[in-house]
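The structure appears right after this line, and notes come after that.
Residue numbering begins at 1 within each chain, and the chains themselves are lettered A, B, C and D in the order written.
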């Protein structure tokens, strides 16, 4: 499991007084930086490989400003060219968000998907849900 | 169907060169303003009723900077207290995003869900998928 | 003067109940799309030329959700390689924001600033403050 | 001086390949959380006091994805009801952003500015530039 602590920002709240729902995908993506490094070790955008296919988010509880949140990122399924993650956001001992996201390992220049390399696959295996 | 035209912003692109995936929920929510007005005619945050429960987004094709997009918003299902929408984002004749989102009509002060009023239900019925 | 109408989004408000101050630079940049087209007609990021040097924003009045805003963009000063804009945001007949921004016409590959072309200079001249 | 470490997000980059200029005010505000706590110890939006009047940002150098940044926040001037900060963003030993921001201690319900309390003034004094 990857674990990332995020401090909520005023600009991430909305008029209702909580963290706006559109911030959740931003935090979930922010918590994937280490995983992105597996596929693109220098994080260069010229050779970016991780293309998102689907995102599903369950909003289980409100998230508040003023208290750090923890994003937990697990690998749920490793396919030939694709990858599914399971993610949770916790605040103050409460589970607030559950989500899954699916990426494909895609070469944007060749416009085709590529098998996930064995070394990456092995490392991903150590973060299984 | 509600239809909303949005002009992409430089700040909504990312290093890969397209619109970042986290912008999609922002645009989809932006296109729900008229729907929010049904539940909260003065759009006051003090009596905000629409609480999001789930969001599911299929990223079907890249979205580019420099070309307007159109967000289409349909009502998919009207429950007793909840509401499901089906949404699409189109650019230049291409379907780029398909999504569903579920809201509950919720009184934040009383902390309980409320039946969707008949008048709102009738208006929602004219936007069915 | 360039004029751009923007519909505020729920995600652009904050817990205080107004549009968050960090959204103002986003709107001001969004209203520069036509100006960006002068320097980069195809809006390609590979040959992006407009690099921001300074931004100054006066927050004159609150901006609210639920009412469209108009962004007005004037050219204030055209230098040899740089460009200063004066910008205002209006809502409901009230001036809410006044700002200036300075860009340089910069070739990122050669890492050097370039004179603003005469044709662009002429067009900019028709938007002077 | 307040010091805040921030990990750049993919969603904060833009098509040119660097951190978008509109993200800078977001990071600067994020680094003011401890300062906000001085004025509003429970960070409640119902009694929010810090209203922004002016922001000035010098973009000195590009900020990149993949390397943490440090935001430094100093108190530059303490007036009767207002407060000016001086802020810097550093990345990898390079100064990337210099900015000043002015806030007023404002009671939104009474719609009037209020003197900065002595205890807050004393604490602010320990963060002078």
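General observations
By our rule, a contact is a pair of C-beta atoms (placed from the backbone, for glycine too) under 8 Å apart; a residue touches a chain by one contact, two chains touch by 3 or more.
This structure is a prediction, so every number in the text was calculated from the model and none was measured.
Where touching is counted per the definition, the chains common to subunit B and subunit C are A, D.
Most remote chain with respect to subunit B, judged by CA-atom centres, is D.
The chain pair with the larger count of C-beta pairs in contact, out of A-D and A-B, is A-B. Subunit A and subunit B have Cα centroids separated by 22 Å. Note: centroid distance subunit A to subunit C, computed from Cα atoms, is 32 Å. Mean C-alpha positions place subunit A and subunit D at a centre distance of 27 Å.
Residue positions 10-11, 13-15, 17, 21-22, 26, 29, 45, 65 of subunit A each touch two or more of the other chains. Remark: subunit D residues 10-11, 13-15, 17-18, 20-23, 65 touch subunit B in the complex.
Contact residues on subunit B toward subunit C in their complex (touch as defined above): 7, 9-11, 13, 17, 26, 29-30, 33, 36, 42-43, 45, 65-66. Put simply, subunit D touches subunit C in their complex at residues 14-17, 21-22, 25-26, 29, 45, 48, 51-59, 108.
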